[in-house]
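Some notes on the structure that comes next.
The letters A, B and C name the chains in turn, as written, and every chain counts its residues from 1.
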Amino acid sequence: MTALLALFLREWRLAVRVGGGALMGALFFLIVVTVVPFGVGPDLNLLSRIGPAILWIGALLATLLSLDRLFQVDRDDGGLDLILMGESPLELVVLVKCLAHWAATGLPLVVASPLLAIFMNMEPIAIGATTLTLLVGTPALTFTGAIGAALTVTLKRGGLLLAILVLPLTVPVMIFGVSSATAVLYGNMPFATPFAILAALGLFAMVLGPLAAAAALRHAGE
Amino acid sequence: MRLIDYANPTRFLGLVAKVLPWLGAVTAATFAVGLWLVFFRAPADYQQGETVKIMYIHVPFAWLSMFCYMTMAGSALGTLVWRHPLADVSAKCAAPIGAAFTFLALATGSLWGKPMWGTWWVWDARLTSVLVLFIMYLGLIALQETIEDPARAAKASAVLTLVGAINIPIIKFSVDWWNTLHQPSSVFRMGGSTIDASMLIPLLIMAVAFSLLFVVVHLMAMRNEILRRRIRTMRMIEAAGAE
Amino acid sequence: MDLGNHAGFILASYGLSILVVVGLFAWVILDGRAQRRRLAELEARGVHRRSHAQTAETFGEAR
């Protein structure tokens, strides 16, 4: 347990410090959201309607961009071999690494989203709902993305491939995340229905992600 | 005769050489019967007119896009669990064929949709899930092509294939749910039981014909892949001997 | 045989399907020929697979 806690702290410190991972992701998020009005026009009604979707797409892209270094740094410096030989089960190690990665890069996105939602002219209730769905949904993105990160760990430039592999798998999270955020806006259905499914998807990704990523890492290490 | 008896590639090649001509003949015959029924016997739909002829290829393509993926998922299990030497050859060869059929399902769906809906593309639940499946096929092929070492590429794509297989039902469910949210109903409802026998029989024959076609192309591609790996080994032996 | 108002769409979908299927066959047949030619070249140069046990390595199984 202490080993996993130490790993969490190490990963978190590294992610926060090296290359300013946390700030970088949030900055990218800000830029994506800023660029959208240039594309669709500064119509505030339109922006408040598509706001939750924009925030979700921004968070999705920001998460994916930060993921390619999840295992690659460890592979480059040989840390991955130590982890593979270590006593802690690889699945748990991957889980802890994902949690630390999320705490360093996903959480800042969630914190920044209410601020960005103001730019999108969203109503307070929609801001709250979107932030809540991002809080529940971004871990699912990180866990799913870990599979792609593990599969592309041996590649020099796996970033784009990682996004291609992972994006189709994130479709359900995206659908239910945006749906629960817009449910409170339109009131066409209870917020709890899609939100419960989103939470279920998150828990499912928490199991499947580490299992599949660990399998991929074992075979990559052979 | 068990599957493991054909773990030896040489024996597998022998079997393919024996079976392939017969299988090819049966495939051609099934296509002849199916196409004859479609073009000379099947009635026009009272609503869609002759456009319904597109259904006889669109539905088999959609079915095959799933069937190819199931073949790949089975092969992926064979690679990871039983380490069957031919499983990864089978998975690797099924991917481009599956992508081709999925592309055809999308293209014929679009060509069918234009006269029916008035647009080339509708974010219909079925078409959208097939589009996501198509992207997954392309991702798998990209992964196989990018990792150079064949053994490592096989393991990585096997993991991804299985993850995809687990996720496909979830994606399908989400897309259906999303679709009912945004548009109440779509134009084609191909309810399985409501279709008349005069259309169902040609459809089933066409589905069988395309499935046989898949098996023929898959076996031929597997034979090529086995030879390719044999050549790779021989080149490595040659290079090692030259030193 | 009358294909109705939308004959173009029907012919286009069947035509495209035939094109892709022919393409698949062309791929496997041409690829097969190329592999066989390379194999013959290697064998002509006197390279042999050492034994049948060696084939396992071809498939990346034996380590």
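Simple rule for what comes next: contacts are C-beta pairs under 8 Å (C-beta built on N, C-alpha and C of every residue); 3 or more make two chains touch, one makes a residue touch a chain.
This is a predicted model, so every value here is computed, not measured.
Most central chain by CA mean?
Looking at where each chain's C-alpha mean falls, the closest to the middle is B.
Any chance you could check whether A-B or B-C wins on number of contacting C-beta pairs?
Between A-B and B-C, the larger count of C-beta pairs in contact belongs to B-C.
For subunit A versus subunit C, what separation do you get between their C-alpha means, in angstrom?
Using C-alpha averages as centres, the distance is 40 Å.
Taking the mean of the CA coordinates per chain, how far is subunit A from subunit B in Å?
Here subunit A and subunit B have centroids separated by 32 Å.
Round to the nearest whole Å and give the separation of the Cα centres of subunit B and subunit C.
Measuring from centre to centre gives 15 Å for this pair.
Could you pull out the residues of subunit B that touch at least 2 other chains?
Residues 151-152 of subunit B touch two or more partner chains.
Would you pick out the residues of subunit A that each touch at least 2 other chains?
Expected reply: 222.
Please output the residues of subunit B touching subunit C within their complex, sorted ascending.
Residues of subunit B touching subunit C: 8-10, 39-40, 44, 49-51, 53-54, 57-58, 61, 83, 85-86, 88-89, 96-97, 100, 103-104, 107-108, 111-112, 114-115, 149-152, 154, 213, 217, 220-221, 223-224, 227-235, 237-238, 241.
Mind listing the subunit A positions that touch subunit B in their complex?
Those residues of subunit A that touch subunit B are 147, 151-152, 154-155, 158, 161, 164-165, 167-169, 171-172, 175-176, 179, 188-189, 201, 204, 208, 212, 215-216, 219-220, 222.
Where on subunit C is subunit B touching in the complex?
Result: residues 1-7, 9-10, 12-14, 16-17, 20-21, 23-25, 27-29, 31-32, 35-36, 38-39, 42, 45, 47-50, 52, 54-61 of subunit C touch subunit B.
Report the residues of subunit B in contact with subunit A in the complex, numbered from low to high.
Residue list for subunit B touching subunit A: 80, 132, 135-136, 138-139, 142-143, 146-147, 151-152, 155-156, 159-160, 162-164, 166-167, 170-171, 173-175, 177-178, 181.
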